[in-house]
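Look for chain A in each of the two complexes below; its partner is chain B in the first and chain C in the second.
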Partner chain A sequence: MVDFFIGLFLASLITALFTTRLYRLLMWYSFNSFTLGVLALLIGMKLQDNAMLITGIATILIKAVGIPYFLKSFSQKFHFVRQITPEIKVQYAIMLIPAILVFTFYLAEPITNMIANNSNYVAISISSLFLSLLLMMEHKNVAPKIIGFLSMENSLFLLGITATDGMPMLVELGIFFDLLMAIIVINLLFHREEMKNA
Partner chain B sequence: MIIYVTTIAVLLLLAPLLLSFIKSLKMVLLFKRPSSLLQGYRNFSKLMKKETIISQETSSITTYAPFLVLSPLLVTMFFLPPVVHGAFYVSFVDAFTITGLLSLSTFFLMLLGLDSASAFGGMGSSREAFISALVEPAMVLTVFSVSMMAGDLGIGQAGVNLAEHFPKEHMASFLFAGISFFILLIAENGRIPVDNPETHLELTMVHEAMILDLSGVYLAIIETAASVKFVIFASLFVSLFIPLGLQYSAPVAILIFIAKLFGVAVAVALLEVNTAKLRLFKVPNLLGISIVFAFLSLITFYVLGA
Partner chain C sequence: MLELLFLPALIIFGLSFIKSRKTHKPLAFISFFILIPTAELLRLPKPFHLLGDYLVVDDLNAYVLFVSSIVGIGVALALMTLDKHVEVSKNAYRRFYRFFAIFWVGLIFSILSNHMGIYWIGLELATLSTVYMIKTNHSNAAHKEAWNYMIVGAIAISLILFGIILIYASAKPILGEDAMNFNLLLAHAKEIKSPFLFEIGFAVVSVGMFVKMGFFPMNLWLANIERASFYPVAALFSGILESAVIIGFFRFSKIAMEVNYDHLFTFVFIYTVLTIFIVSFLIFRTKDFMRLFSLSGVEHMALIALFWVSGGTFAALLHFGAHAFLKPALFLSTGVLESNGKYRIAGALRGYKGKKGTLFWFLVSLFLLAVISLPPSPMFFSEIYGFGAMINVAKHGYHLLAMMAAILILLILLSIIFYKFIEVYQSMKYEGEVHSKKVYASELFSLVIFAFALIALIMPPVMNYLKGIL
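For the complex of A and B:
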């Protein structure tokens, strides 16, 4: 079951790479975070870790519902460009994405030898880290870059819950507050963009 | 053996029903008055009675191509994985054979389109060639990776193995293969994001453009071929990616199988209602996603074993 949701996580990220509409991208990000939350719940139940259950619920509430909703309302408020065409053409992306995946799967091999269980998940989370970097790189607009940043955070979270059998609760909450800060900074950025356009 | 023949007969009978089911479900979802579920059979019997007119410009290809479109598909029906545990099946047919048979049928369809020497036919054929050239590698990769997970290259044997031992440990790569195959199902059957089967607008036609000059019996044959193709893809999807319920007794298992086929039809109808048709030059993007997922499923299986 965990494998299935890991698959959904990576699949939604790859689909987000090919998306050309902002709201669709937000939807894929929300789905991505939702699978992450379910993964945290599943692994937390397996490890009998209450802290991870709490972070899973917080992930679903904040990242899958809250952040996409706020970003959508921001983009409506500041009249963002909703058509976001990737700078990297699709025919190159088709070759680039499998290349990145193969590269990272082999890159993660020494790490996976060190970890006893869930070693596959580490490889997948590192590859999703690289894919979200690609998502940041392939867009010129601010909004999809933010989504790339947020999904990078998602894949780091995945790395945290799968590689270490649960981070301390404090660290995870710290990451959430970090995100909140990031959203505030993003809001300021939007304001500046607005000023520049006006 | 009886179950084997019964399954094929059921699939053949069900083929027009599934397409008309999709159509009427779409009409219900769009708040229209739905057409009858039996419309497929009605069209077939009506077309069989009608006069067949062949254009003077055509060569002999038009007279035999419709049969060559249908026959590879009918052959493929015999190679599908079994729906009941212990039923007869053909075990040695692999991904390449199935893809080859399907593309043989597509090849004759394209010839048929070119043969009428109308502008529409050539346009439709070139578009179909464009799409099916992209579908084939993804299809081979997907079916290949699923049969690797099942531990046997033969599709029939793979279906049986998947039903007996569901690959829980390979769930991630199984999911990627499933996504890829569903996109292929839509692309190869000309459903909405790729081709709209209901319009006769020259900008959007692919399948309809090739068969524009046909009438009577030949049109009936081609329409049957289209529905049979959908049933083949749907039943491949169902028996490779939802391999459940084979262990019951024969009638129950066949009923479960039919229910799963209708489930696929519902999924296709929902997708058709919710998406707009893609521009023709955007279709490679969709099929590119499918190829990426097929490749991803293979490498996830090989490198990670997940």
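For the complex of A and C:
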């Protein structure tokens, strides 16, 4: 079951890389976060780790529901460009993405050898990190760059739950708090009201 | 004690919601209250557990916090007259204070944390709050740079988190959840079963921190941001945010020294020398104050990191203190210098009349000459001690000649920077036309505080305190 959701996590991120519409990208980010939340719940149940169960639920509520909702409302409020064509052409992306995956598995081999549990998941989370960076790089618009940053955070969360069997609860909650702060700052960055007042 | 530390920031945060211009004055004076708990922390026996094992005060972070508090006070004083030099809306001004308070809270957590996770959370909070402070300037350049900072800063901070996860994974088998604890990690560093994993984690953390400090290859991003934003933001960056980043580097590198010193030294040595090499030529080509001081800040941070890994703890901390006072002082001066002639270096120091004006140009001259390590600047002493530490490291190996050659190259690079600063100073003082210019009392007061703080750094009791930090 965990393998299935890890696969979905990676697949949703790859699909997001090819998406040309903003709302669809938000939907893929939401799905990506949902699979992450479910993964945290599954691994948490397996390890009988209550802290991970709580962070799993928080991930679903905040990242899969809350953040996409806020970003969608920002896009309506500030009239974002909804056609977001990636700068990297599809035919090149098709070659680049598997290359990143293979490269990451090769690169992460020494690390995965040292991690007792879920070693393949660690390689997947590192490759997700690179794919998220690619998502940030391949778009000129700000909104997909934000999604890339949030996906990067998802990849790090996945690395946290797979490589270390969960980070301390305090750290996880702190990261959620910082994410919410990031959303507030993003909102203010889009705000042009003061520009008119100045 | 913890409440006292956060109280000034919380009061500033609360007062920033009041829609009156009269609140600026009390806000600046409230910032002075931070000196009470920070001075008390310097005095208390160490280690002092402020919040269990999460926030622990030792000699190192008590010093960094005290230095940062003085910078915070200086910036708060200079903020009083921000609207006299630049165009800023009422809302943006109040929000600036609000985010300044959040920034302060994040940094207190970061500096005092004995926990990798809390350190990261504090740093992220401070990073996010600076994004809005950059945007307070309503120019298109500032808007673009705020986004730039948001994205590059987020990548840098994500790299730090990535590294922390790897370090945590390497130490969790022996320490469990306590593997996040800096002191415990340091005590058990030699027992880590996967040193390779730790070293990868450390390298990733360091690269994240180096990006945040503008090291190679990201030398210009910070300079561009500081150029585009209002001058207090640049002062906060160089005087406080970089302090929080470098204290993290100190903590992580101390553990890395125990794991494999040779790897750590080689990695940091190559990275910092490369950074100084590039930055010195960038400084040589610079044509405005902000970029000049910003790039000089990158050079200083690289030297601090190099001295620290060479075992020159005292040199690194002295250099750090001098940098933390000099750079904000220069950035705040830039706000005054530029408000009467944008980007014009020639004659920038001319035309300041009366007692206030004379004191202003005298202090700016003092800071400019101190930043290029002219004796008796603290930077002169720190560089002497730092290069001495580098030679001591080489003595224990077989690379003495190589190290001396590296020091020679560094000195040549530093002399390029020296030449540029002298050229700029001469142009500011002896070239250009004379126009009547004004400096406000609060700005002058903040510069006087920085000048006294610099003098205090070379006083024997302070030097002895710094020598006692291991």
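Simple rule for what comes next: the second predicted complex is superposed on the first by the 191 of 198 C-alpha atoms of A that agree within 3 Å, B and C clash if a C-alpha of one lies under 4 Å from a C-alpha of the other, contacts with A are read in each partner's own complex, and residues count from 1 in each chain.
One rule holds for everything that comes next: contacts are C-beta pairs under 8 Å (C-beta built on N, C-alpha and C of every residue); 3 or more make two chains touch, one makes a residue touch a chain.
This one's a predicted model, so the numbers in the text were calculated from it and none came from an experiment.
Contact with chain C, but none with chain B, is seen for A:Ile111 once the two complexes are overlaid on the shared chain.
Once the two structures are overlaid, the count of chain A residues touched is higher for C than for its counterpart among chain B and chain C. Touch criterion met: A:Leu8 reaches chain B, while chain C stays clear of it. Legend: residue contacts after superposition of the two complexes on their common chain; A:Ile100 is shown touching neither chain B nor chain C.
Of the two partner chains placed by the overlay, only chain B lies in contact with A:Ile124; chain C stays clear of it. By the touch criterion defined above, A:Ile54 lies against neither chain B nor chain C after alignment on the C-alpha atoms of chain A. In the superposition on chain A, contact of A:Leu188 is made with chain C only, not with chain B. When the two structures are aligned on the shared chain, A:Met27 is found in touch with neither chain B nor chain C. By the touch criterion given at the top, residues 110-111, 114-116, 129, 133, 136, 142, 145, 149, 152-153, 156, 159-160, 163-165, 167-168, 170-171, 174-175, 177-178, 181-182, 185-186, 188-189, 193-195, 197-198 of chain A touch chain C in their complex. Interface residues of chain B, counted against chain A in their complex, comprise 168-176, 179, 284-285, 288-289, 291-293, 295-296, 299-300, 303-306. The part of chain A that touches chain B in the complex is made up of residues 1, 3-4, 6-8, 10-11, 14-15, 18, 90-91, 93-94, 97-98, 101-102, 105-106, 120-121, 123-124.
If you check the complex, the residues on chain C that touch chain A are 54, 87-92, 95, 102, 115, 117-118, 120-121, 124-125, 128-129, 131-132, 135, 138, 143, 146-147, 150-151, 154-155, 158, 161-162, 165-166, 168-170, 172-173, 177, 180, 194, 196-197, 200.
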